[in-house]
Amino acid sequence: MKKLLDYQVGESIDLYLMIKQATKGITTKGSPFMTVILQDKSGDLEAKLWDTTDAHVETYRAGTIVRVGGDIHEYRGKNQLRIKAIRPAKEEEGVTIADLIPSSEKSKEVLFEELMAFFFEMKNPQIQRITRHLLKKHETAFKTYPAATRNHHDYVSGLIDHVVSMLNLGKALADLYPSLNKDLLYAGIILHDVGKVIELSGPIGTQYTVEGNLLGHITIMVNEIEKAAEELNIEGEEVMLLQHMVLSHHGKEEWGSPKRPMLKEAEMLHYIDNIDAKMNMLDRALSQAKPGEFTERIFPLENRSFYKPTFE
Amino acid sequence: MKKLLDYQVGESIDLYLMIKQATKGITTKGSPFMTVILQDKSGDLEAKLWDTTDAHVETYRAGTIVRVGGDIHEYRGKNQLRIKAIRPAKEEEGVTIADLIPSSEKSKEVLFEELMAFFFEMKNPQIQRITRHLLKKHETAFKTYPAATRNHHDYVSGLIDHVVSMLNLGKALADLYPSLNKDLLYAGIILHDVGKVIELSGPIGTQYTVEGNLLGHITIMVNEIEKAAEELNIEGEEVMLLQHMVLSHHGKEEWGSPKRPMLKEAEMLHYIDNIDAKMNMLDRALSQAKPGEFTERIFPLENRSFYKPTFE
Amino acid sequence: MKKLLDYQVGESIDLYLMIKQATKGITTKGSPFMTVILQDKSGDLEAKLWDTTDAHVETYRAGTIVRVGGDIHEYRGKNQLRIKAIRPAKEEEGVTIADLIPSSEKSKEVLFEELMAFFFEMKNPQIQRITRHLLKKHETAFKTYPAATRNHHDYVSGLIDHVVSMLNLGKALADLYPSLNKDLLYAGIILHDVGKVIELSGPIGTQYTVEGNLLGHITIMVNEIEKAAEELNIEGEEVMLLQHMVLSHHGKEEWGSPKRPMLKEAEMLHYIDNIDAKMNMLDRALSQAKPGEFTERIFPLENRSFYKPTFE
Amino acid sequence: MKKLLDYQVGESIDLYLMIKQATKGITTKGSPFMTVILQDKSGDLEAKLWDTTDAHVETYRAGTIVRVGGDIHEYRGKNQLRIKAIRPAKEEEGVTIADLIPSSEKSKEVLFEELMAFFFEMKNPQIQRITRHLLKKHETAFKTYPAATRNHHDYVSGLIDHVVSMLNLGKALADLYPSLNKDLLYAGIILHDVGKVIELSGPIGTQYTVEGNLLGHITIMVNEIEKAAEELNIEGEEVMLLQHMVLSHHGKEEWGSPKRPMLKEAEMLHYIDNIDAKMNMLDRALSQAKPGEFTERIFPLENRSFYKPTFE
Amino acid sequence: MKKLLDYQVGESIDLYLMIKQATKGITTKGSPFMTVILQDKSGDLEAKLWDTTDAHVETYRAGTIVRVGGDIHEYRGKNQLRIKAIRPAKEEEGVTIADLIPSSEKSKEVLFEELMAFFFEMKNPQIQRITRHLLKKHETAFKTYPAATRNHHDYVSGLIDHVVSMLNLGKALADLYPSLNKDLLYAGIILHDVGKVIELSGPIGTQYTVEGNLLGHITIMVNEIEKAAEELNIEGEEVMLLQHMVLSHHGKEEWGSPKRPMLKEAEMLHYIDNIDAKMNMLDRALSQAKPGEFTERIFPLENRSFYKPTFE
Amino acid sequence: MKKLLDYQVGESIDLYLMIKQATKGITTKGSPFMTVILQDKSGDLEAKLWDTTDAHVETYRAGTIVRVGGDIHEYRGKNQLRIKAIRPAKEEEGVTIADLIPSSEKSKEVLFEELMAFFFEMKNPQIQRITRHLLKKHETAFKTYPAATRNHHDYVSGLIDHVVSMLNLGKALADLYPSLNKDLLYAGIILHDVGKVIELSGPIGTQYTVEGNLLGHITIMVNEIEKAAEELNIEGEEVMLLQHMVLSHHGKEEWGSPKRPMLKEAEMLHYIDNIDAKMNMLDRALSQAKPGEFTERIFPLENRSFYKPTFE
């Protein structure tokens, strides 16, 4: 069935959608209106509701499922939705939030199982214990959070999806370059972004928390490793090296790592993270472009447009 | 009495000095020699010992007190000492290390007392408890460590000297700008560099530890605050804000702070730290320059030379 | 009494306000309108007047006092005023411009007296004579100009307010670091921005003059010192050092100083200027934020948002 | 058998070595000497020959095999060789250049065979034809050249060694991210540095040619692709995309690519190149470091030192 | 006769204009409209057509000549045209495209003749043959293309106009600095931007081609020189030096030159290109400004405004 | 007759030379020596005098003419002179300083006459009066100073040589771009570096003065224009524009101009200055290189080496 982002400019839609975000506004001339972001599994689009009342504001909140009729038009190079009809979905219509939010292709349980399998290739007990302890402590959130608020893996269970993809890439690298220490590399991959479960507000309508703003997921996670080691009575270099892996994974001071990588595995963790994030962004942008044309500019890829070849 | 740095180029010396650092070398033509850095309270100078033997290496180690005769000469714009006679000091000559190492002008006990007085101006019990706890935990090292391996306050008890000077400046600012929160500001000043007692190796012959290299004093201290709060059962915003104060005190990501200051007091902490360090460097460099001339280039001040006016 | 910036979004106002700025416009569809910035002592807000005539343009000029009824609404994260009724104030209503423009808390006379008191701590006659001469020459403007067109101390008598605040901070520093030369430091603080009285157009509706654009207040002031010295028949290093203080007070070439500070006092002048400007911006931004929230982004503070703690 | 780089400071050697580079010098006091770089398969070290004559200059040229006795000493943190005895090797001693120059672990024939196998996974005939044509044209040089004059893969057959390693990594990525076009990716990997066979002077004593300096291997190779397409009568997007792959593989303008990657495969080529080069540099530097210590600073890795953990 | 850009804000026009660009849009409230850019020889202005139909879209395409009545108004600091009446021009009205598009002042034939005269001052036969060959190959396009899509010489025959102006400047330089090689300098000037005839789509409605985006005019032209040399059987340094001239003419890697200039003539080519482009931009911007005022900000001149003196 | 820089490595010399600079040194082992820079019209070379006495220091001062025998050798890629015999020249040998210092090819009188001729093309009386006044005031120094302490035009009368060369280039530009105002352009060229006569110490053994360091030639000259205008009772825009020309001629804040050019003529002045300085550096460097080779790296040209073609 055709989804929201499958429609072209000029086409009409009649779809169940979820309100991802709703903001009140007032036109410069004084009439109230609302800006809503509507989504289904294919992605999201912005729309306006004009001449709205307080009742509309009550009804059309983030998280509400609605049935919407309208057309797709283009505004400053981006598609928008022009709403012609909108009403809240009725319970008996049987549409649930899970039907409308994008999520990883594999279920979080499958992903978690795949992740756990990587422990079989590890041998250092201290590193394993700390990693397992922190996974267990944050398991629920870790399985449902996105990896980011936007740009890449920004959907429900996006974080674990990203981590499992990175583990597979890590394994390929460790096979090609056998001098890499798998304990450090895999544990680093698993833990590097777990701090996001405290930095961000939750899987839906994700925002930065105050702690996220003031400390950031890197520092949060280094603290977590420190406390885990204390709780588990683990001392020794492993604790410090795991902290360094997390600390340095942004690669440069100006990208938020207070220390640059000083372990071979930390250097590789930074690359693996980058490649997996960029492949995710590129696949998404190229899926919207036609052969022989360029994608929209992709801001986190230095605002570049990418070309989609005419042959496969 | 005239000290090492009081002598001009061309003058002869006959002084007791301590060997700060000793390194073996071999000339490109193959003769062994030693490079020694000799110091007294006024500062240090480099010298060479030529045609040395294994016995010399044994005798002239870092920490040894020696009596040295020689002249001051200039080499590439820096003064050096040319040794004409050197022998280890004898015990009966009564010279001790404490006579020869530079240190803060006030004793560490006096400095600590001055520091403790600032708690009377604080009122938030959580912030006070964490700060006192960490001071107590690291008291011995905190009272003797330098603030840095070189550049500023790089002498025994330099760290507490720097902190007390910063507290006085902090108090002046808080008086002029009463909206500043003294609890956060004073605690931030006291704690900001305590992590150096783990980052650095000790008060003499100071070097970076492995943990110092891989984690850095900022991260080390944020961990310490986390553990202190846990141990003292303190929860709430104060913990996070203290961590942010420490985290952001370098002011910019490229200077090692994973987050820029987002508290007014954190912004001021960064300034206070800077001003006190720079005044220390400037006073030291200008004390070696003559009126109407420029100082040597000061690397951490963007390699600038400063002018010493001819009038006072 | 509640002032303009004390009203929240959704509240109605009925206030006397001054038109700070008025600009004609034509909608893309061709109807004339006006954008007016209205202010009282608490600050200013933008509003639109729709379907305006030439008569409106005549009536609603910058400097006019008006009585305005309307509501506060939000537009792109900033508050705006929606005007429902507007008319020029009548003379018998007794509202004056002085009632409506923000200004320093202390009167300019009090500030000037405070400033003059600092001369008692100076001892170098040349420096004093040049400084007094230039103060006298530009006294009227110096007492009424803002320190900047926006960002900090951008109100009537903002310049002298900023300077007196800096002098107090300078005195605190000179007390803590007695090696600082008070003559240079105080004269540098007093003179550093006097060139703004030529760079900017006046205390109200402040804009850059052509000379301000082409030469800038730094160069203008260095010229003024040159001419003052000539007129007063003063020669010697003091003239050059005062010029260097002014020249270098932006701290870096890329910030408009053709030379970086090469005097200890010049380095400190740059810090004092920065701290006082930043405290002014931070206090202003934080006064509009609620505890537990972040301020708007502050552009000249590298676009950062600052957090307002929940405790005092 | 112990090789040149296996000896520690203070140990004596007696080895056959090849002169990699020989430079005449004159001491500031006027005596002639020679600086020679001596190597065997383990790497190279610098040494001095003092008081040399014209006959020495004749005898000890680059490429000469010599028997050397001497000791290892340290000079400014780097090991050097102090020569005590040196003479040209005699033919009957049976030492050949191939015994003394470092080279890839696998033979160039094996590497070439491995490379050719990747064509079986490609399907686009134009891309294959151009790639095979250029490989054939430059086959001899391509099989023996180093990938660089220093830093990574800077040994005989280093270029093909680097390319085969990159192909294996490319295959792993293409398996994990199936949207990658293997034709473009593999051809890009194979061709990206073939221009080095014109940019550099040869497999031994490698230097930049004039053409290498003025045009660079990127431009040289884009020209080669243009001419190959013309010769093979191939038109169409494939030619342009292959040129873009080569053109953009340095990733940024400031690193010598006139265009940044605008193809997903070009973006990945840049990453693959980077990872393989960095792993080569890291493995080499870490092999010289002891557990629990840091490597020498590695210039092309932003001058960082890397830590070698104490556990495996 | 008064032309489009000669009218001031508030004046009415009645002119024949050409539609340079036409874009469909839909207001956020859903009504279709068109944005058209209208031009005559004096330049272009934007205008809107409201409530448009499919028939309008058909009628008002790029390239259509129309008769337009309306007024000039200002929008965000830029002039716009408010259309009151518009209709396609009739054939019998006798207005042609050539009457309405800006173009070089001299005809392309005159310019080409002037250009060819420079060959008389050249003496190296290889350089001349390659240059003549490429001129002949691309003559038609070279004579009609603009030098850029906007900013400078962005009109029909702008490229040759720019080149001839550069040649005159090159001749002046070669006269003042006789060590400059005229063969390299003139050939470099003539060829440096010929690649634009492939990078850009044509003389009117100019856009980047896919090849232009992926390879760029610099690389395209280096390829052309390579092929020309092959076709003409020319070998030797001249080919490489011509390629280097073209390659390096942007002056820095970050501006798209993979090599910086390494020939004196290449360094000068970069300057000549810059001066001629900037004089063109400055003359254009200053012609729109009044004496005693500043121009609009000029983006490619680092967004500066320039002052127009009150005296001549 | 063969001059100092005409000799190759390995050749012997016997020449009269002038000591340009003489510095005492002490070897690390304690023997006194001197480093002297010796020059004739062709340029300068460094040499050492070993085992020197106080008498040598007296005899071999800067400015002394000596007769020297020795050989040219190479040290770290630069030629040096090895002195075998040296003695002060005798008066009766008739060698004067003027015979040995490099200077402009034309005499300073001829240059000054050429410069004065440019006033005939100027028409604005205010600009002429200020320019003539300042030329007259500084005429003696202006005619003998170098344009810089090194890099370009760093010889006696180098400043006026540079200015006259720039005027010729300025005239060529004004002829090609007639919209340039010759009054501003020529006066800007003449005055732009006159401040160097105060920034630098003199024509021989040139160093920065204290005023040069603290204010810089740009600010010095802007002051001079201010005072000239006052003295001549000239008011009006011309004064400000001349100051802006001087102020902005370094082109960017980071290069020491507190304002970027905002006049067309100021923009061109920056280019003219650059071109003339670079041509001077390039001609000098290329004169020392052989055809088919690269020059030494030229630091102020971003450390590039330039290629000297094999053909003319």
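The first chain written gets the first letter, and so on, giving A, B, C, D, E and F; residue counts start at 1 in each chain.
By definition in this document, contacts are C-beta pairs under 8 Å (C-beta built on N, C-alpha and C of every residue); 3 or more make two chains touch, one makes a residue touch a chain.
If you want to know which protein each chain is, UniProt gives these names: A, B, C, D, E, F = 3'-5' exoribonuclease yhaM.
Worth saying up front: this structure is predicted, and the values here are computed from it rather than measured.
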Chains contacting each of subunit A (3'-5' exoribonuclease yhaM) and subunit C (3'-5' exoribonuclease yhaM), listed by label: B, E
From subunit C (3'-5' exoribonuclease yhaM), the most remote chain by mean C-alpha position: D
Chain of greatest Cα-centre distance to subunit A (3'-5' exoribonuclease yhaM): F
Approximate Å spacing (C-alpha centroids) for the pair subunit A (3'-5' exoribonuclease yhaM), subunit E (3'-5' exoribonuclease yhaM): 44
Whole-Å separation of chain centres (CA-atom averages), subunit E (3'-5' exoribonuclease yhaM) against subunit F (3'-5' exoribonuclease yhaM): 40
Per-residue overlap in subunit A (3'-5' exoribonuclease yhaM), given as positions that touch at least 2 other chains: 210, 213-214, 241, 262-263, 294, 307
Interchain pairs in contact, sorted by label: A-B, A-C, A-D, A-E, B-C, B-D, B-F, C-E, C-F, D-E, D-F, E-F
Touching residues (chain side subunit A (3'-5' exoribonuclease yhaM), partner subunit B (3'-5' exoribonuclease yhaM)) in the complex: 210-211, 213-216, 218-219, 222-223, 226-227, 230, 240-241, 243-244, 247, 253-259, 262-263
Contacting residues of subunit D (3'-5' exoribonuclease yhaM) [partner subunit A (3'-5' exoribonuclease yhaM), same complex]: 124, 165, 168-169, 172-173, 175-177, 179, 181, 184, 237-238, 241, 260-264, 267-268, 271, 274-275, 278-279, 282-283, 286, 294, 301-302, 304-307, 309-312
Residue ranges of subunit D (3'-5' exoribonuclease yhaM) touching subunit F (3'-5' exoribonuclease yhaM) (in the complex, touch as defined): 25-26, 28-30, 210, 213-214
Complex interface listing, subunit F (3'-5' exoribonuclease yhaM) residues touching subunit D (3'-5' exoribonuclease yhaM): 48, 50, 73-75, 80, 82, 292, 294, 305, 307
